[in-house]
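Every chain is named by a letter (A, B, C and D) in the order it is written, and numbering of its residues begins at 1.
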Amino acid sequence: MLKVGVIGCGGMGKDHIKRLTDKIQGAEVTAVSDVFEEGAKAAAAICQAKVYHNSQELILDPEVDAVVITSPGFAHAESILEAIKAGKPVFSEKPLATTADDCLRIVKAELESGKHLVQVGFMRRYDKGYNQVKEALDSGEYGAPLMLHCTHRNREVGTNYTTPMAVHDTAIHEIDVLHWLIDDEYESAQVIMPGCTKYSHSKLKDPQIMLLRTKKGICIDVEVFVNCKFGYDINCEVVCEDGVVKMPAPAYPVIRRNAALSTTIDTDCFVRFRDSYDTEIQNWVENAKKGVVTGPTAWDGYLAAVTADALVKAQETGNVELIKTDMEKPEFYQ
Amino acid sequence: MLKVGVIGCGGMGKDHIKRLTDKIQGAEVTAVSDVFEEGAKAAAAICQAKVYHNSQELILDPEVDAVVITSPGFAHAESILEAIKAGKPVFSEKPLATTADDCLRIVKAELESGKHLVQVGFMRRYDKGYNQVKEALDSGEYGAPLMLHCTHRNREVGTNYTTPMAVHDTAIHEIDVLHWLIDDEYESAQVIMPGCTKYSHSKLKDPQIMLLRTKKGICIDVEVFVNCKFGYDINCEVVCEDGVVKMPAPAYPVIRRNAALSTTIDTDCFVRFRDSYDTEIQNWVENAKKGVVTGPTAWDGYLAAVTADALVKAQETGNVELIKTDMEKPEFYQ
Amino acid sequence: MLKVGVIGCGGMGKDHIKRLTDKIQGAEVTAVSDVFEEGAKAAAAICQAKVYHNSQELILDPEVDAVVITSPGFAHAESILEAIKAGKPVFSEKPLATTADDCLRIVKAELESGKHLVQVGFMRRYDKGYNQVKEALDSGEYGAPLMLHCTHRNREVGTNYTTPMAVHDTAIHEIDVLHWLIDDEYESAQVIMPGCTKYSHSKLKDPQIMLLRTKKGICIDVEVFVNCKFGYDINCEVVCEDGVVKMPAPAYPVIRRNAALSTTIDTDCFVRFRDSYDTEIQNWVENAKKGVVTGPTAWDGYLAAVTADALVKAQETGNVELIKTDMEKPEFYQ
Amino acid sequence: MLKVGVIGCGGMGKDHIKRLTDKIQGAEVTAVSDVFEEGAKAAAAICQAKVYHNSQELILDPEVDAVVITSPGFAHAESILEAIKAGKPVFSEKPLATTADDCLRIVKAELESGKHLVQVGFMRRYDKGYNQVKEALDSGEYGAPLMLHCTHRNREVGTNYTTPMAVHDTAIHEIDVLHWLIDDEYESAQVIMPGCTKYSHSKLKDPQIMLLRTKKGICIDVEVFVNCKFGYDINCEVVCEDGVVKMPAPAYPVIRRNAALSTTIDTDCFVRFRDSYDTEIQNWVENAKKGVVTGPTAWDGYLAAVTADALVKAQETGNVELIKTDMEKPEFYQ
């Protein structure tokens, strides 16, 4: 039984606590912490756990084998570095940290520790559809991938959602999952801005088309459209030398009514990727016990940050921007 | 240029007159007839044709090479027999005649004439979808057909539509097209009556499931549901020894809206089979010039009548009813 | 933690032992039994459980809270009756028992015990697709169901598979899941025998079309085709007064290759319903702790046996056979 | 009966001659011309037409009411200018002329003539799918278009097909049809070059992604992949403010076989757009009689040339290139 401490008891924190308590095999939540006492207590009540108000104390509690971090992004780096110091496996919700520099500090700390400890919460890698596509690509049957056509469409966003958030909060998922899917790294980024939908506001250019080129020359286009109104619609088509592989939409009944044949499109990302979250955490629990990381690593978190920075710059300049890490990918992460 | 005389100037008559005038190559309408003077005149105005009030006179007019019959069903037999006597090609809208006996008289008259003159207006044989399925079956790639699952769904019918009309006006299309599709003849019929939809009335059992067995042992089920509300929905799936072939629905754009992915289902049989009517008549015109019939023959019209009679009997008895013709299929119609 | 004893250590038994050990939360296998010592030992090794050679002893072991029965069908009744006597929850793989009479004895024993103890392993009730359809039907949006069109297609069967097995081993799944889906009971059965596929043998009529009518007048057709060659293909379309609801096929990538657009059809029922087995057992474990049964009951097992008997009779007679239980559905099972 | 003269008796010329003779209503081919005597004679034999070896003489023949030009591209301008001079309607296969300058000369000549005489053979405007999408867009139900995602995939090309031909011979169809579809004009072009497929050769970068921006700010991406191997695959998805509209693929039977559900993808552009060619010519014939042009005009031909030039430049520079015409769109072409 893996004893898990959860840092950050907001919505996502409570979600993971419920998941670990009700659905996941081989784990139990033994401690929670939050700077807000009320939140921490409410979360602790779900799982009968100890309550901390200081994340460091939670990390050092001997009744905590491994740590889940669901605090606000700016607080991630400190907790993760503590956990590495304590030699405890740590699952950090995305982002790994809010700056590429902080991500790099985490990478270096993990490298120095010599132990595989950090996993980032890019749950799409556990989605059945992406895995079916990956399996097809890895089979070699379709030859080398050449292009990816993707969409990340969201029903609507609030007025606090601004242009750069289309990268940091939305495309960030594609940034991680796509390079994993095709086993490649990014080289450059460009962003194209079509005319704006009437449903957006002055601080948000919506939609956007983000273009990424990988080191092998694969060209990716991601339509990011966060006020598309009709649903949460994630698509991914991989054009290969010997065929095209498209991720399926989730299966829903086929309805005949009102002169139309129709199926449901999801409207909520937590519904769309519900199973992915469960699989992700179950997988992390099993790996934490073995001391391995098979999900997105600290390096992947760093790559995502560097790529996001280039995309945000490309949003501003309209140019093709290079994507460059400050160090080569270490052997440790191969 | 085939000079065509059209007998019967109601809706269907005018439709065919417009078709022959505007769309069909190699034909012109030179004469029309109707017992109602007004109707005949209105129809004649479309195509600058001579007006008759007597179908026999029209048939004998030397400026009429071939005849299209769109008069009410009870009047078909007489006109067709006249046309055969005159040795002129004749296209009769369905039904060939209102009784199996009258159909048989027509068959015998055509046989005696020794010329292939009569075609019945079962337009589905010219539908692209059915032809694609037939091509697949005829390719031999899928082995022998074993079962057909079909639906004939219609939005709604009036209160004058009664239980036997589900056979005579609706399933009659499947009766003709299905035995052509699988190149087989019917042996027996059964009708199953599910509970009635709330949208029907006391004179109409709706829906019905009609079961046909062919001489080769192929089993066909046709769901006939004429108040299905949602559209005009024709399906045909052929289960073979080496695979299943399903007729495609007509192609319409795929729409994402309101949390649904949808395509249009037709609501009108004349839209669904519009192209079939054009192809049917173009084909008949070309064949009439050559003196051949490649579409549904008088024999097919007779078969349809015999099969329909068995189905209506099966509606009443609930039993399996044999489908028997009064003569073997003559060599002439092979 | 529910302590589970597993009776019968063949393939299905080992499957459930692995499931309970690796995937299910809140349960552990504490004892196994099999008449074959080797099998029992091998199974026990998976889960570090006690080994019995006598199912009664296992049932009475105080370290066994609940029992899973995966022994051959003929041995089910005895074990289930023992479990009822011991007041322990029991999950029996299908069939509940091999005769309707034995099923009825179990029903009566459970009734007398006054406790809800028995669940039958009809796992399709836990399939996502069927549940999506049920949710749609239960929403009332589509009005009353009138007809169900279903297929149960299987790649191929061995020469030991005979005509009645198309009911007992194959259609049995539809028998249970369909009446649950539409919340109705069966009234009569008929079986239609199309010409046989070349891939069958003299003891097996394949395919068959099984027709069931419910007390509310809903008409069901199930195509059972166990040598269809192309895959394991389960379909279920419900035609309602206000629309048609069709169960989706499992989602697989959409491939463009070789002049075709294609998706995978499953070939193995354990792949098709893998998630259903997991959900079924997880659900049973949780209910066993609470002392309730929300899955298929002993009554459902009895109904399935009575319905199967009528279908086998109908296979032989070609007639419509009544489906009659020896008692009314007791209040206890409502 | 429109008397048509056909200039150029190669494959496309013979195709149109057969079409005009066998399928089109209200036209007949009265004269053909080709610099190769053999070709002209063979073509004339199809339709019993007069033979010319000089296109000017054909145009001036009083037995020629209208002209179809299917000669090599470089010869178009001269014939079209002759036809304009003679005041005869002229249908020119694409391209209108091989340079933007020549196209502009034709535009100016037509303007001076004051008569609508020239139509260019962009047949996709007559495709049912594109028209269904246009109808949806024009209905206003989906709000303003924001982005178009398109593919133009072709099985394979010969070694004589070079990088610029991806524009001139392939994307040229999208260039015309897309601005018509969204009723807008192009502003700039960019071309992205992914890594090359192993099936290409040194003179051809394949695939390419062509990006077009319109004056209203609509962003278009067209994947041009001419050695995709699997088929001729034309896709067009229009993302609007209130929904997404995707052109349907042509309807083919749905097949279950070999553990897959599949439908055919076309492999030949003449099969994919067969009906479009027929509709295009029928429509042109009817318009020629009335003295109007409702299809692609000389101005559209000029726009296509200017856009193609910008795309070819963008292929070379890798930059965003402006698309500028030498004159404003004249009132005459509104």
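Criterion: a residue touches a chain if its C-beta (ideal position, glycine included) is under 8 Å from a C-beta of that chain, and two chains touch if they have at least 3 such contacts.
Quick caveat, the model's predicted, so the values are computed rather than measured.
Among the remaining chains, those touching chain C as well as chain D are A, B. Of all the chains, the one whose CA centre sits at the greatest distance from that of chain C is D.
Between chain A and chain B, the centres computed from C-alpha atoms are 59 Å apart. Per-chain Cα centroids separate chain A from chain D by 45 Å. Centres computed as Cα averages put chain A at a distance of 39 Å from chain C. Residue positions of chain D with contacts to 2 or more other chains are 230, 242-244, 249, 256-257, 263. On the side of chain B, the complex with chain A involves touching residues 229-231, 233, 249, 256-267. Interface residues of chain C, counted against chain B in their complex, comprise 143-144, 146-147, 149, 192-199, 207, 209, 211, 213, 216-219, 221, 223, 225, 228-230, 239, 241-244. On chain C, the positions that touch chain A within their shared complex are 22-25, 128-129, 132-133, 136, 142, 242-258, 263.
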